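In what follows, subunit A forms one complex with subunit B and a second complex with subunit C.
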Partner chain A sequence: MSKFQFPESIKSRPVYGTLEPRVGKFHLMIADAEGAEAILELAAQDSALMAKSHIIFIPNGTDYGDQLKALNPAQYYEGPSYAASVQRIRHVLANAHQGLQVYLTGTEGLMGQAQNEAMQAGIPHTFIQTEHRGSVARRMQCVHCKGITEDVMTDPFVCSHCGLNLFVRDHYSRRLAAYQGVCIDAEDPGNVPEPVELYK
Partner chain B sequence: MTIQFNDETFRDDYSFHNSDWAIKRFPFPFHEDSYMYAVNMEQHRGGPEGSVYEKRFDVDEHYVAEMRDRAMVLADDPLRCQSLPHMTLAGWDLLELIMVSKSEDYPDLFELHHDADQWRWVNKPLGIDDTFTFLDETTLPYGPMEYITRQTQGDFCVLDQREENLWMDAGMVTTQADWSLDFDLGMNFFEWHAPVPLAHEMGIFKRALKFLLNIQQGAPARRMNWTMTVNPLLDTSPENYHKWGIQKTTLTPENIGSKQHLRVELQTFFRLPRSNALVFPIRCYLCSFQDLMTMPKWGRRLHRVVRDLPVELATYKGFIDNRPMMLDYLSQFDDGLPTSPGVFPEPETEPPLNKAG
Partner chain C sequence: MSAAPQKAKAGAEQINVKVSAVVPLNDLVTRFEFQRTDGQRLPTFSGGAHTVVTMNDDGRTRLNPYSLMSDPTDTSTYAISVRRDDQGRGGSLFMHTRVKVGDEMQITYPVNLFSLDLRAKKHVFFAGGIGITPFMSMIAQLERSNGNWELHYAVRTEALGTYVDELRYKFPNKVHVYYDDQSQSIPLEELLDGQPLGTNAYVCGPKGMIDWIHATAAAAGWPDAQVHSEEFTAPQPGKPFEVRLCKSDKTIQVGESESLLEALEREGVEAPFLCRGGACGQCETDVVSYDGEFIHRDHWLEPEQQAGQKIMPCVSRFVGASLEIDR
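Right after this comes the complex of A and B.
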């Protein structure tokens, strides 16, 4: 239900897969909202997985918490926001040993930011599993003021920092965990098309 | 030959200009009357005397003014120069390459003196005389890459080589054709080229990467790229696009000859010795349409290239809206005569324009 097939795009745009249990000493699972469904499906594939798992879940208004807790993971944490959870994520990654498996699922913004933390901890991005679930909103960087606008659902949109009207590019930076937004009316100030919902 | 450095600007009043010498040596990028993407790599081992291909790092009459413009861009936006932590050694490699090359190629302008680890660098055009300890960052006012590229024309991408790929892990980028170092930093070869249309499907990037991965020390390579810029603006960055984009709409049939510039990138590639990184200088040359038209061969050819360019490329290069006006102007300089092969203008042998009115 919550899986969305992104249209094929340019080579910097991330491609997401389907989470599968991998052999590992320990498993770090970071999810937001409908990403919980992917973790429930993952747990169902391997009954031994949860005893070695740490789930970090950001509900964003959903109520999957009890189901995830019922999986009896070795550690379970529910955070009110990604920003509130990031210190914990960094700590877990910094203290991780060889053999840690990382699973990211939910929105692109959540996966991108958590992947970035894992990369900074020395885990190559190609070793990190991702599965998109839920909202197709994007995390956008304004190329002009560098401010990040979270949860962008339309193209164009207004930069939440500098107020410029930006169009949504597919060009993506793992380092910034964001897509690029570029001024849409630079050559014809004020001529801003009606915003259209992404992928519509 | 002593170079007379221009006092000129690349912003505001745009007093940039090319001398007759600079026009004649302008690196016109079209070797025939049409253009399509190609890897088009060749060895960077000199070229005709006086041409931009002759020296490893070409210095021309715009040097001092370009360095002044770069300093202004960096003061406004320091993120135009970035180096990931593992790239410092490559920065020293680059500093050495440029100092050695320039002091050998332009001994009247640049001097490098060694005394063990103590290096003395003299840059006469910019009035610099610094002594520092090689491989010790604390003895320079900037990191090594930033220090030397504040004194060298062209943008610089310093690419780390690993996993059979090249990674944009450091750079000095202030004269770019609308791409952001800050955004692309850390990307691999395919990722930072992702927005380019058509070329992926043509296999251009796979072939180019294969070539670049195999570049050896002492055997640099080069290629050309080009686009169009209204006004001689070096800093056509996405960061400032909301400020300069509007200038594209200021072209009129009366001012197009002086305002519209062909922007050519001479891209070179050098393997660096200690880091095994690849440095990719992107040197920008600008020439107004009216100056290009002083060479009959270039007038004929530019008209044909712009006229026949696929829509995707004219769109990507940002001049699709202005193309009709460009063609109105350029067609006056195309009398239909054939052009000789190759990029050089051949003013002595090419027939003059044979067109009435």
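Right after this comes the complex of A and C.
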């Protein structure tokens, strides 16, 4: 089961949709792990789509690669991590033209960071399609030391940079592609609630 | 002097000006230049802004919006270019036949409903006829910041090519002109294809041209948020009708050739406005009750709002037994 219904939250929290084929001159699809399932469903809706598509896939230990390759996209790239793939993403966007459609699917961290690249390349964020699949882990910024901790699964958690105990907020930054983590025991150091898994 | 009208009621803040120049440009278009009567500086504005000019036509007040087409950083003088419309309601004819150098007039503070998106990697302008005016000030603004732009300008004939010579002389590589009478047309699909990511398109011209560019760009996969357009709808005449104003406790008549907004103003009823062309939403008014049919001409309300909830008094009319609005 790769789909998860996020609870209602504050306006700052991103809302994800369901990918659908759109008219465009070219299509850039960026996915990690179970996001591959959303690409497979997207391809099934429009047989002409893949001939004009570039898929960038980060498996994160999953084995969807062969199924995606079998879709026969115009270009296919598999990267070991987002950090390893971002050079290619920037290159594709830098050489793209108006009429490009961007589809992002998988974890929030992947979608947020790739959306940020697409926005900087000139695409309005409202025009970028997203669909959440897979892990509900969050990419968190420590508002104190500014360090980013990836794949946070509990609230509170310990900042991987400065070691503060951080409360997981729904307050999100599109610029940073991260949620804000705020020190939970600033006024009473050491009084830290037991960490609870997100959405439990 | 505070140039910004923050405390003022939107759209109503006026500047007293005198006409400093009247420059006929061709058979149809004349440029009018204004300076403040008190000798002060005019506010700066942003490319694409318009002003509403008050005309006193033998006791009848006409208020027409015109794009400011002078350099936005020139605070000594504002300029508008007015195309004479012999079939129109008379505002442009008044400007052409009655306004002389030295006349005192009133104009509103500039309002911009058609501004540049300065995040754009490139700006592509499409102008049809007198639709060139907002692009004159946008181009002046972009030239100061070394902006990346190009203009595609469709005109009827060489004789009616308003500002064509000036634009071509200043920007020979950026300005492209298409003459209808030589069967030239804007090669839109080719122009939209291959523009760099983050290009924004802007169109000002007849409604058919605006619709064509929106539709062609959408079919080429352009984000709607990157296709900007401005169209002022002049209020159309129609059958006179009666309106009950519940807040003012008045019943007024709207004449054949006046708009509901003009009728409100004639009766001294406070009604906000900015564009007077159905685009800005400022005069949006709640419908209290009605028995009849609305003739909606705005670009503002959603279809469900037009179904008896709201009306834009600047351009829309009513036919039927009774109408009561919240003014």
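Heads up, the rule we're going with is that the second predicted complex is superposed on the first by the 200 of 200 C-alpha atoms of A that agree within 3 Å, B and C clash if a C-alpha of one lies under 4 Å from a C-alpha of the other, contacts with A are read in each partner's own complex, and residues count from 1 in each chain.
The rule is short, and it goes like this: contacts are C-beta pairs under 8 Å (C-beta built on N, C-alpha and C of every residue); 3 or more make two chains touch, one makes a residue touch a chain.
Quick caveat: nothing in here was measured; it's all calculated off a predicted structure.
J.: So in the superposed three-chain picture, is A:97 touching just subunit B, just subunit C, both, or none of them (first/second/both/neither)?
T.: In the superposition, A:97 contacts subunit C only.
J.: A:127 in the overlay: touching subunit B, subunit C, both, or neither? Say first, second, both or neither.
T.: A:127 contacts subunit C only, not subunit B.
J.: Looking at the overlay, what does A:188 touch: subunit B (first), subunit C (second), both, or neither?
T.: So A:188 only meets subunit B here.
J.: In the superposed arrangement, which partner chain does A:200 touch: subunit B (first), subunit C (second), both, or neither?
T.: neither
J.: Quick check for you: in the superposed arrangement, does A:25 touch first (subunit B), second (subunit C), both or neither?
T.: Second partner only.
J.: Considering only the contact definition stated at the top, list the common interface residues of subunit A for subunit B and subunit C.
T.: Correct list for subunit A: none, the interfaces share no residue.
J.: Along subunit C, where are the residues that touch subunit A in the complex?
T.: Subunit C residues touching subunit A: 119-121, 192-199, 218-226.
J.: Any idea which subunit A residues touch subunit B in the complex?
T.: On the subunit A side, the touching residues are 10-13, 141, 143-144, 146, 164, 169-171, 173-176, 180, 182-183, 186-189.
J.: Contact residues on subunit A for subunit C in the complex?
T.: Spelled out, the residues of subunit A in touch with subunit C are 22-25, 93, 96-101, 121-124, 126-127.
J.: In their complex, what parts of subunit B are in touch with subunit A?
T.: 79, 180, 182-187, 190-195, 200, 238-246, 248-249, 321
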